[in-house]
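Note that the chains take the letters A, B, C and D in the order they are written out, and that residue 1 is the start of every chain.
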């Protein structure tokens, strides 16, 4: 479904990604792990196009989309939930959601997407007419995820969805991600929270200093020496 | 992208090269018109090939329109003189052709001194004409005076330039102190019942000095000034200002500033149907475009330095016992129309007269020597198509004391708005009509 | 401060000062009046651009109405000379000091604003001061003040007075460039640049940003005050429209950006180039009627393609320059 | 002073204020969406004045119809200007965008002076007026006020009810998030700039129906627009209208009490004071 080959990128003259390769299979949750500063967020941002790729290829549904601008990628079924939520604070929840369905692709399914989102996040239905900026932290994260679903995506990139949330809410977020998978979505996740994310994932990659150092099914990765050393403290 | 950068860079380097050249005495920017190859020795001692006249003009910025007219007038004069072989200089025993050099001052004072210094010391101009406007002329005057160059000031009406001790600056325009005094005279003669005047003016150098002088003149003549107030330059809505005027209930409104505000003011006075006998405004009514406001322009009066209908004739000169010099009014208007395709206004006439007066002074002096020409100007009493000209010798040395303003009024004939000269009575082409007749 | 004085021997400053000095002595040596007028304007531009560079280039605050200090300094000095017959030099220094004090007071208020808000506020200050002076009758209001030609007798005639103005401007240009250099090399300059890069980070680093900004703003107001004093002395009259001309403010910014924002050489090169570009455009028969539009196109290309200015660009591309150009 | 004078001044201040507001709305929209202070605003106002003048005097097009054509022209010019002058520097520090828009202004005024000189122009055009005692209200002014309100309402309907309008609001709140929704933010920025310019040109055209003008006239309205935007709150289109009315009232009513030439001192001092004390504008919440 999504294939990344030898991806390189960075900011200004500073290179962050040094040739990352990974593959995300349809209907799975794939997690990218790695220490702080490994380039996890840069990886997602580059795939989505917020950071311009320098080299390498990004293939979405068999089509080369390496240098497509972000909005075109949305039209092709890719979306991202950014770290720090990025809502439209002085629009209502409903307006936020409807804007999510901005592309032609999403417009067609506006009603059904809205239904889906409201069933997944009943709280958003209750607060439909409230300004997004007035929601609580957890609700804002829900809205960010919900809004990304409104784009009618095939695959959702998620950057640290649990960051800054209370433990109870973290669990809720991970439950939601599993639910999304059950709805048939494909998810590429970047997380600090190793245990919880390994719990729900099908595949995992380990990124270090801008390179993928390890990848495979969840069991393979879990059992590798690398992961034990770095994260599990064994 | 890369290529553009490189080209830009090369351009910059080139410019740096040019910039460094300023430092070398040889290269400086070239004048706008090609003049004599070089006049290295001073013209007064050599057999001059040409008389070079230098000035700055406002090719850009707010004075662009007026300055252009002024230059047009000057160029017509130069063409005429050169067609006759030039100016006769007795010392040289021959006619010498005239050429000119000018630079753009961008309507701003910053460059004026640089330009005049260049004109004097590098281009070796024999005589100078002022920039347009009093402010720029004041800056230029310091340089002209410093080098003892005669400068004929046209388009500069301020009095204050002339009590600063300059000995080489001569003014063609009626100074601002007398700009609107004729309107006061007109009011008293034609509307003896009118006693109350409102004097309102734009808060700018020129209008303010006119308003101050008009106020004291009006009071001296026994009129009551019921309102004396300034408005900001660029004012577009006069509604409240007019309300204020109406509250003071004047018989006449005198003042104004420049074109745009004057036109707006006149229009809004008409729209508010203010009942007055006389509305006399600076600058705007004298400009042909004033007619664009249609009915609002009707019966508005204004002072003008010169009008094509002006009656400055050889007979008038004879009566005064002075010489008439240069073309007649009709000749000037006809030639100007032929060359530029429209009727000249006073800025153009001033430009022509500036050249003319220099020509007269050079012929009188019989030499190109600055000091002699200065003396000739000092003693000059002459009638031209522009009017009678004479310069003050006292405290305000060089100020114009001969020339008088005419007062024009927009009147209707055959459904067309037309400017008529209504004052002074001797030169009038029509009788003045009370402003409130229009309602 | 000691450190920075030691660095005075640096080549980058020396060659710069040498060029200015050489340039400045040419008119008196050749006794060319035209050259004096040309170079006077260039020196004025250098002094103004380099002053603005302190707040704009080093600190990153876009002072859009900076010309207000040129006007205030000009008016203060002009009034002192006009009403009290004070000599140009003390009048000029007084003009500078008044500007610095006003900058301090205004800075207390407006330096709290950031980015475009600051820029708009400085435009507002310039327009407010202009409108105010327009209404101050004792300063001549809109008509301004006007020297009597005789005033120049105190300086040995108008000729000498203008030469004096010229020399003062040359000295001032050198002083401003030198202070730019000293600031850049000092801890103070480093503090200013950290404010430019990220003001919040600068606060976190323990920099007293309020004090630093205030000082930078005062310095960058002090010099234009003196420049205005000299210019209007030489000009012989001062009017609000000329003293507080917003367009001139933008010219100053243009020169700084053209040469290279935040460099020491930049304002110098920018002023020189600007004066030459204008000179060329004004007299070129092809461009003279359109020079404003052409200037706009050049400015636009510069902003779009060479945002770091001539010096910035050269430093980026030519490694060796980095050692000799500051 | 009597009640009639006061009423007259208030009405005229209100009508004038509406035009001021319309002139400032474009500036405020551009600031709100793009965080760009558009220094070519005044030049485009002047361009609007000359456009209507040409349409009216050369082609005899009724001014209020001409305004619709100018709206389209402004939109196109604005979009071209965005891609030509702003797109590359939209993320650069504000100095770059200030200078880029200023250079656009130089180009317009430069060509404008070349073509039109600085001669003043006026539209000789009238819609009559309403009179009551010494109170006179001109038809053209009323029309201008009404059109200003219509354009403001239309702008709001556009921003809140249409898809591109919502996208503009989204981009103004958070450009990255808008990109996530599949919104092409470059196009939206260009569109916003186009609308801002179109409104500036329409305002210029409307001003030309009531006041004379030159190619340099826009500068004054640009400065006033700054004051208005700051009064009403930078970035809020409705704030511009409120700010405009405030300024119109200050100019017409306060003038009755003080020397007219002191009004600008007051205006610009107010600009600085509000920026310092209450940067969100007189109306702003925070």
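We take it that contacts are C-beta pairs under 8 Å (C-beta built on N, C-alpha and C of every residue); 3 or more make two chains touch, one makes a residue touch a chain.
As the structure is a computational prediction, the values presented were derived from the model and not from experiment.
*Asks:* Give the fewest steps needed to get from chain B to chain D, where each step moves from one chain to a chain it touches.
*Replies:* Each step joins two touching chains, and the minimum needed here is 1.
*Asks:* Name whichever of A-D and C-D has more C-beta pairs touching across its two chains.
*Replies:* Spelling it out, more C-beta pairs touch across C-D than across the other pair.
*Asks:* Just how far, in Å, is the C-alpha centre of chain D from the one of chain C?
*Replies:* Chain centroid spacing, chain C to chain D, equals 32 Å.
*Asks:* What whole-Å value do you get for the distance between chain A and chain D if each is reduced to the mean of its CA atoms?
*Replies:* Whole-Å distance between the two chain centres: 43.
*Asks:* From the mean C-alpha coordinate of chain B to that of chain C, what's the distance rounded to whole Å?
*Replies:* 35
*Asks:* On a C-alpha centroid basis, what's the spacing between chain A and chain C, in Å?
*Replies:* 52
*Asks:* In chain A, what residues contact two or more other chains?
*Replies:* none
*Asks:* Which chain D residues sit where two or more other chains touch them?
*Replies:* Within chain D, the residues that touch at least two other chains are 110, 113, 259, 261, 264.
*Asks:* Using the touch rule from the top of the page, what residues of chain C touch 2 or more other chains?
*Replies:* Residue numbers touching two or more other chains: 131, 134-135, 289, 291-292.
*Asks:* Tell me, which pairs of chains are in touch?
*Replies:* Result of the pairwise touch check is A-D, B-C, B-D, C-D.
*Asks:* In their complex, what parts of chain D are in touch with chain B?
*Replies:* Touch list, chain D to chain B: 1-2, 5, 8-9, 12-13, 16, 110, 113, 117-122, 124, 126, 129, 131, 134, 136, 138, 207, 211-214, 216-217, 220, 251-253, 255-256, 259-261, 263-264.
*Asks:* Report the residues of chain C in contact with chain B in the complex, numbered from low to high.
*Replies:* 22-23, 26, 30, 32-42, 131, 134-135, 141-144, 146-150, 157-159, 162, 234-237, 239, 241-242, 245, 247-248, 269, 272-273, 275-277, 279-280, 282-283, 285, 288-289, 291-292, 301-302, 305-306, 310, 313
*Asks:* Where on chain D does chain A make contact in their complex?
*Replies:* Residue positions touching the partner: 163, 166-167, 169-170, 173-174, 176-185.
*Asks:* What part of chain C is in contact with chain D in the complex they form?
*Replies:* 56, 60, 62, 64, 109-110, 112-113, 115-117, 119-121, 123-125, 127-128, 131-132, 134-135, 250, 253-254, 257, 261, 289-297, 299-300, 303-304, 307
*Asks:* Looking at the complex, which residues from chain B come into contact with chain C?
*Replies:* Interface residues on chain B, with respect to chain C: 1, 4-5, 8-9, 12, 15-16, 18-19, 22-23, 25, 28-32, 59-60, 103-104, 106, 108-111, 113-114, 117-118, 120-122, 135, 138-139, 141-142, 145-147, 160-161, 163-166, 203-205, 208-209, 230, 232-233.
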